[in-house]
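The structures considered in this document are given below.
You will see two complexes here that share chain A, one where it goes with chain B and one where it goes with chain C.
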Partner chain A sequence: MRNDPEQIVIVNLLGLKELYMTLPLVYSIKSESPRSQVTLVINSGYKNIAEMIKGIDSFFFFEKDEISKRLDDPSLNLIDNYRFIKDHLSTLLSVKYDLVINVTNKRIGGIITSMLNAHTVKGLTFDEYGHKWIDEPWFNYLNDVAYESEYNLFHYMDIFTCGAGFFTAGQRIFPLDISPDEKGGSQGIKNKSIFLDCPSLNNALKAGGGFNDYNIAVFNTPDSLSAMLSCEVVISSNFETSLLASLMGIRVIHLAESDNRDFVRYGPCGERNFVLSYNGNSPESTLNLLKKIIDNVSISDTEPGNETVWISRLDSDGFIEYVPAHPVSMSVKELYRWIYRAIWKNTLGRRIRAGDPRRFLSIGEKYIDRVVDIDREVQYIAEHVLAKYTDGSVKEAVKDAGSSIEPMEKLKNLAFSGQKAARDFLATVSIPGRELNEIKNSRKRIKEIDDAIYSLGQGYDFLSPLVASFRSARDDLHVRNLFPLAKTVIFTFEDLFSRASFMSEIIKGLSKNPGRI
Partner chain B sequence: MDKNEKTSRNENTARDPRKILSEITTEIRESGKFGKREAIYLLLEELMKEQLGESN
Partner chain C sequence: MYYSPNYRVEDLIEKSEGDRDLADYFSRYRDNCFISIDDVADNMQGKLTDTDRYFLLIREVSRQRACNDL
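Right after this comes the complex of A and B.
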């Protein structure tokens, strides 16, 4: 039995938002495996912030800015910079890691991950031939789909923890060691106190705006964040501030531009936080809504003008979701967002939970046939989302979605044919002595199906996330050995078939039961 | 190409680390071998691309 603590490294070479969103993952790891040693690789620009974070055993600060400066310095040549990076990474590379989790959806994170001496890697990396490799469905989703907020309804925090295999349902709030600055602005903040990080509202609030009874601390410099601790509510248009406050358990009202859905990925986490989507044309109306939210006045019966108020909550599986706080109109696109959420959660998540990530299905078999109760998903979308939070327009949206079943069925049939063609390919390459022509013909058939799938995706906007995910998985395939290639091609068709079937079944289910909505 | 022109071209190449790096990384991609040395060159290239706003 091994006694050494487990060595885990998390590579996060993204921004401050992503650094904050990685913290729940660290705490999940530490609570599941208290003896593990967790190292967090981050950009050196966040060194000061890192010093406030408790519970991480060590940091490695990647000197990205320094390297960038050196690349611009004409007195340094390529060899100088090569040696600098080699020396800089040497301590990180000298450890043997049990697990590397790369949450960076950029090549730079994948390259560093590929250099680490690791037993298991989760997230983007490169193999010994330099080919991109992501052997984890949630991290595939992070790299291929999530950056498009159009059809993504998952918080990055959930994607990180699911991808790493440390997802635990429930509230994930933890304390950060942000000591109130004794000289700073925390003095004088008492009850009914608000921390404001939204420059466009500063003047309106100073002018009164119904907030005369409140103590308001305004964000000026990063040091003034300490004042946030003494406040009951944080109003912010800055994702970093909103995330930090919500992670510390402070109630947040995040202000987002209308039509911008980035809050789904980066918004305040935990339950009972708010996002106010506004267009900035009417500060009075915005302030009025803010005051209602702060004073816990019900806004479900009011008729907000151009604003939409969203509340964060945890869904039945423990994932963060944002639902409207008042009835909103429902577009078909919005409806598809909810459907996609159910699809991804099941085709990415359930497989992991089933502990059987890579096995062949019989042709035409769907994961959903085995592990998913479609009616449960339909019921959740219909009763817990659409019926509660949308106005009469939802029935029209469901009807419109119903008319799109035909192209979805077409996609499903192509994926079905693809599975068959890919198995023929596997059979061809498995038997020694097969003619090269046979192999070529078999691959040609797969390419024809691929092309038909791509062109279907271009024709129908609502299919694009499924096709983009399929296409990305395909683009990453390189011919190393025909046998594993054939197996991977089968998996990509199986995934597409499952997802297209799922989408079709949910829309059919919603169309059949309009009474639930 | 005369000797002077060749020397001048070599000097220009030597002065442009981006060009040298691009040649090295092209060779790496074509070689199909990817170890720590190759990774460092690709990392340098990626950081250069980020500076130029070309990276993903």
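Right after this comes the complex of A and C.
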């Protein structure tokens, strides 16, 4: 039995908001495994911020900017830069890690992850032949679907913790060492105080706008973040500020452009924070709404207009979700988002929880029949989600979604054929001495089915999240190690079949549900 | 547009002196006058070595710089 603490490294070569969103993951790891040693790999540009963060045993600051500068320097050649990077990474690479968690959904994070000496890797990496490899469903989702899809409804914070296998439901507040006494800037901030980080509202609020009774601290330098601690409410159009405030348990109203749904991924976390989507055409009405939210005046009867207010809450599984704080119109795309959320939660999440991530199913067997209670998901969407949207729009959206059953059935049939073709492929590569032609034919059949699925996805936008995650696993059918590839191909067809079946069943369930709809 | 600087192969071999792995690494490019980091990254053969991965990393930083993704 070993006594050494677990060595865990988290690779996060993304932006500041992603750094903040990694903190709950560190918190979960330290809560679950207090003796573990956690190293966080981040870009060196965030060194000052990192110094304020408690609870992380060590940082490794990746000198990406310095390396970039050196690449521009004509006096340095490739060997100079090679030696610089080798030396720079030597400390990081000298440790034997028990676990590497790469939350970076870019190649650079995958390459560094592949260089680390680790027992277990979660997240994007590259195998010994340089092929992309993600052996973790939530990180597959992060890389293939969440990053670009308009259908993603998961907060990255939840994706990070689920992918790492350290998801814990509930409020995630991380201790940050920002002391107002030490850093200054908090003088004059007392009761009814607001911290404002939204340049477009500065003038309107200073001019009154009904906020004369409030003390307002305006964000101007990073040091002024210390003032934030003394405020009751943070109003911000900046994701970094909103995230930081919500992580510290301060109430947040995040301001978002009306057609931008990025707040779903990066918005304030925890419960009872707000996102106000506005288009800037009527600042008075925006200020009125802000004031109502701050004063805890009910906005449930606010007419859908230029603004939409979303409230954050934790769903029945403890995931962050944003629902309208007043009835707004639902589009069929919005309905699909909620359905997808249920699908991913069940087909990504429960596999992990069941500890049964890589089991073969018989062809056509529905994984969802075993682990997913369709009725539960239908009931949750109907009672807790659809109830937040206007009646007429919900009926229309559900009716429109009904037309997706037919393409979904086509997708299921293709996934069924794919499972059979992939099993033939596995049989072919498993038996020594099989002819190269047989292997080629087997691959060709899979490729044909891939293409048919891709074409179907091209024709129906709402299928794109399913097809995106499915196709990416087929980056290279010519890798040398065919046996694991064949197994991966089978899994992706199984997943596709399960998810398409699940979606179809939820839509049917919602159409039949006599309650809300 | 992504610009990848070219390096004189002879210079690289000369600079690799004292590091046999590196010298071997670049000797395969003796027939070329110049190579870029893309040439190096695109022509890796067989299983990736540690040296390969360092060069892949340099290529990636170079790409990100070109895309203003720093």
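Note that in this section the second predicted complex is superposed on the first by the 499 of 517 C-alpha atoms of A that agree within 3 Å, B and C clash if a C-alpha of one lies under 4 Å from a C-alpha of the other, contacts with A are read in each partner's own complex, and residues count from 1 in each chain.
Going forward, contacts are C-beta pairs under 8 Å (C-beta built on N, C-alpha and C of every residue); 3 or more make two chains touch, one makes a residue touch a chain.
Because the structure is predicted, anything quoted here is derived from the model rather than measured.
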Based on the shared chain A superposition, would you classify chain B and chain C as clashing or fitting together? clash
Check the residue A:126 against both partner chains and state whether it touches chain B (first), chain C (second), both, or neither. both
Tell me the contact category for A:78 with respect to chain B and chain C: first, second, both or neither. both
Does chain B (first) or chain C (second) touch A:65, or do both, or does neither? second
Enumerate the residues of chain A that count as touching chain B in its complex and touching chain C in the other. 64, 67-68, 71-72, 77-78, 81-82, 85-86, 89, 106-108, 111-112, 114-115, 126, 128-130
Chain C-touching residues of chain A, taken from the complex the two chains share: 64-65, 67-68, 71-72, 74, 77-82, 85-86, 89, 106-108, 111-112, 114-115, 126, 128-130
Chain A to chain B touching residues, read off their complex: 64, 67-68, 71-72, 77-78, 81-82, 85-86, 89, 93, 106-108, 111-112, 114-115, 126-130
Given the complex with chain A, which residues does chain B contribute to the contact? 17, 20-21, 24, 28-29, 32-36, 38-44, 46-48, 50-51, 55-56
Under the touch definition given earlier, write down the residues of chain C that touch chain A in their complex. 5, 7, 11-12, 15-16, 22, 37, 40, 44, 46-48, 50-58, 60-62, 64-65, 69-70
